[in-house]
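In the two complexes below, chain A is the common chain; its partner is chain B in one and chain C in the other.
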Partner chain A sequence: MNSTIATLALQALLGRRRFLLLVAFPVLMVALTTMITVMTGLEDPAWTLVGELGYTLVLPLVAILAASSVLGPEVDDGSIVYLLSKPVNRHVVAVSKWVVAWATTLLVGAGSVFLAGVVAGGGDRAAGWAVAGLVAGTTYSALFLALSALTRHAVVIGLAFVLVWEGLLGGLLSGVAWLSIGQWGARVGHELSRDLPDPVGLPWAIGASVVVTLAALWFAGDRLRSFALTGDE
Partner chain B sequence: MTQAPAPRPGGVIHDLGYRGYTGPRESQAKVAWTLFITSLRHAYGLGRSGRSKVLPFILLAIMVLPAVVMVGTVSIIGLPELPTTYAGYPSSMQVLVSLFAAAQAPVLFSRDLRHRSIVLYLARPLSSRVYALVRWASLTAAVLLFTAVPTVVLYAGGLLAGLDAGEETLPFVKALVLQVLLAAMLAGITGLIASWALRRGFAVVASIIVLIVVVGVVLIVQAIALEERVSTIGEVAGLFSPWSIHNGVAGSWGASNSAIVDLSTTWTAGYLAAAVVVVATCLALLVARFTKVGAR
Partner chain C sequence: MSTIELAGVSRWFGNVVAVNDVTMTIGPGVTGLLGPNGAGKTTLMAMMSGFLAPSAGTVTLDGQPIWRRTDAYRDIGLVPERELSFGYLTGRQFVLANARLHRMPDAAAATESILEVVDMVEPAERRIDTYSKGMRQRIKIAAALVHDPKVLLLDEPFNGVDPRQRMHLMDLLRRLGDEGRTVLFSSHILEEVERLARHIEVVVSGRHAASGDFGAIRRLMTDRPVQYVIGSSDDRGLAALLMAEPSVTSVGLRPRSGIDVQVSDLGGFATALPGLARRHGITLVELTPSDESLESVFSYLVSRQESLR
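For the complex of A and B:
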């Protein structure tokens, strides 16, 4: 963990237009939940919004934006060579950048899911979704950082993973839950509230989340260690 | 004797006597057509590096695969009809179609602006307005291909498996007409976003939010409106996403049953008008954007 690199990554994240998108979208989601709760007075539609929109879309999108913002632009314009030429362990570089993306994902992504849950009715169910958001947000941010270090198309591949694999195929084939970060997080949240889905075993959910997070972090550092600058396609 | 005028600063172009080009010149229409074909190929990664072919073709393969499986079940089990409707198929695959449009729009709209190679295009007898319209047309064609290929597979496969051509043709044609409208809207929206947000990832995520997240919100609002029996809210909400416009019109034409709200004839006309307005607005903004950028 190198505080200078983390500070620079934070500035890259905060100083750009994409941060507006990063914050505006969760705020909209919470506002919509509030509106629906107030207007209909029903809990079910609001909870649908927390689960279907907040947890399955807002959280991964925030993670993708945050993870690709701390690494992507530097790789895109090639200025990462100035960072990589410093005598700092590449794994430290990766971890420092991840900490920033991770904190942002938890604060903005999991935070907004929790807030929407409180608006929708609070209680155990909100806490359950918040814990699910913390677990899944951690894994998502590590995975997407590794993708950013691997390829320029990290955002598209990340979106395809979330939307096609976890969303489209996850809805059709129940077995996808065993390889779905979102479902692992939801399983951990299920311990707090029975209303969350219970797709896989708890040890698997925790173990897989930890393994993927650590492996992705190591992989991101390893990619930076043997980094090759290539042209734009 | 008058003094020679002081030499002006800057360079001088000497006529070295090279011959100019006096042969036939192609028209602007030919330039536009070439740009259209090139852009259409680039949208699928053809004529670009191998790595940029991977994503569009993987998405296309995932898009076509269920259609092939459905045709297979029809022919092997001998179902009397396809397990999906032609118009309902792209709608159930909307994540893939949106992802394709969002991922390939930056290829056509962002790269020339980011690397300023737009000036090379505009140095030709091709106005920035035509450039913007042609790029949009080729993205529309690319998205249309993306949805039409599985639809044609369903139709041709269904007929080969012995379905009745008289019953199948009308819904098939209706679905294709709707797909043209859908592709025009998707290309307009994603192209506009990609021409403003030049960072690749940023444009993709913004497009996805507009296309996929908004339609999710629309569906939730429509479901609530249906439950509370205030159908007008549901119908108005449907105007906010190209997907709900597509599904709504498809439902009222009897081409699919994937829409939540039932549209009256007036609303159907309203939806079609909304689609035209969306496309026209996007095109006007695109032209304005490229006129501004081209003037720099």
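For the complex of A and C:
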């Protein structure tokens, strides 16, 4: 972990307009949950929002925006050469950038899911979703960072992964849960509250999350090591 | 003292060959990499700075390959052509971050002294996105020099820099070269390279077209056939006289007025023309080189190189 790179990444994240978008979705989600709770007085619709909107959509969206903001623009316009023309291990560069995206995802993404859970009724169920958010937020941010190091279409591919693979296909085919970051996190959260889904075995959920996180970070570092400046010619 | 060596280096992108079998050695002192736009200068620079793998051949710094070797950057300072996109930082913050990334013991002091060297102390507190092109260029050079590298690679460093600052930067690079550092800069402007570089490498269409000191390159360029347009009081009379000159290879009359002349021996022509005009009472009103564009100079060098093979 290199504090200079992390500081620059944080400045890049906060300095871009994308950051407003990153905060807007969670704020809207919490506001919506609050409105539903106050207006209907029922817990069920509010919990649906926490799980279906907050955890399934807003959390990965925050991870995509955070991960792509700390790395994407610099890779796209090539200005990352200013960071890479330094004797700093590329995996350290990747991890330092990830730490910023990760902290943002946990704070804004998982934090807002927890907040919405507290509004919806609190208790173990809110804690369960928060833990699920911490686990999935960690894996999501690492995976999307690797995507940002690989392609300039990281945001689109990340969205497709979340919406089509985890969302659409995950809803139709139960087997997708074995390869779904969201389901792994939910399974870990299930340990705190039976209200969360139980789609796969706990060891698998934990093991797969750890493996994907580490592999993604290693891959992102390796891509940076092979970063090619092609020039305009 | 550090040396960059390219041995049989080629680089292609799909079907396009950007660099074709280049072998050159860049040693201490200032070297200019001269070539028209699109000649492959940036591709060569990218390979020398470890940001591109050669498709064939090897690029080494003091015997060690540069590609995928992060430690090489201890000795390399790089000024890419690429715009700075760290607009949200001040100049000082940017240079300081570079010093810290090199783990300099006193990054703050190194930053201040290099800001002074490039004459950027006064605007250092302003954000980079408020800088002019020349200021950005100077802050990029400061960032590349902050760790006192043995090798300095600069891609088109004088683009957009005003003449006074250009002089200043040239003095700086010359000084760095005199100190025994290996300084390589690319440019498509002959005058720039001539004024600064002791040694010149010329690349055209991805090929290594010429190599040598400034005098040798200049001679190559002046020996080539040159075309002039001459305006005079008696074009037809002068044309007849010119044809008799050994240094002249062809003469043609222009449609309205003026003469097109192709000259093989520039020196002989330059001494002969005034006397000729004087003896025959012809007044010269114009003498303009008509193909002084760098492209024609380069294409001559390439055709010459090919005929030597």
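Some notes on this structure:
Here is the rule we use: the second predicted complex is superposed on the first by the 228 of 233 C-alpha atoms of A that agree within 3 Å, B and C clash if a C-alpha of one lies under 4 Å from a C-alpha of the other, contacts with A are read in each partner's own complex, and residues count from 1 in each chain.
Rule of thumb we're sticking to: contacts are C-beta pairs under 8 Å (C-beta built on N, C-alpha and C of every residue); 3 or more make two chains touch, one makes a residue touch a chain.
This structure is a prediction, so every number in the text was calculated from the model and none was measured.
Partners chain B and chain C, brought together by superposition on chain A, fit side by side with no clash. Touch criterion met: A:Phe227 reaches chain C, while chain B stays clear of it. When the two complexes are overlaid on their common chain A, residue A:Asn2 makes contact with chain C while staying clear of chain B. When the two complexes are overlaid on their common chain A, residue A:Pro73 makes contact with chain B and with chain C alike.
Looking at the shared chain after the overlay, A:Leu53 reaches chain B, while chain C stays out of its contact range.
Of the two partner chains, chain B is the only one that A:Ala160 touches; chain C does not reach it. Of all C-alpha pairs linking chain B and chain C after the chain A fit, the shortest spans 12 Å.
Overlaid on A, the two complexes show chain B and chain C touching the same residues of chain A, namely 73, 232-233. On chain A, the positions that touch chain B within their shared complex are 17-18, 21, 25, 32, 36, 40, 42, 45, 48-49, 52-53, 57-58, 61, 64-65, 68, 72-73, 76, 152-157, 159-160, 163-164, 167-168, 232-233.
Chain A makes touch with chain C in their complex at residues 2, 4-5, 7-8, 11-12, 15, 73-74, 77-79, 81-90, 225-233. Every residue of chain C that touches chain A in the complex is listed here, in rising order: 13, 18, 37-43, 46, 49-53, 68, 70-74, 76-78, 80-86, 88-89, 97-98, 100-103, 143-144. Those residues of chain B that touch chain A in the shared complex are 48-49, 51-52, 55, 59, 62, 93, 95-96, 99, 102-103, 111, 115, 197, 199-202, 204-206, 208-209, 212-213, 216-217, 220-221, 223-224, 228.
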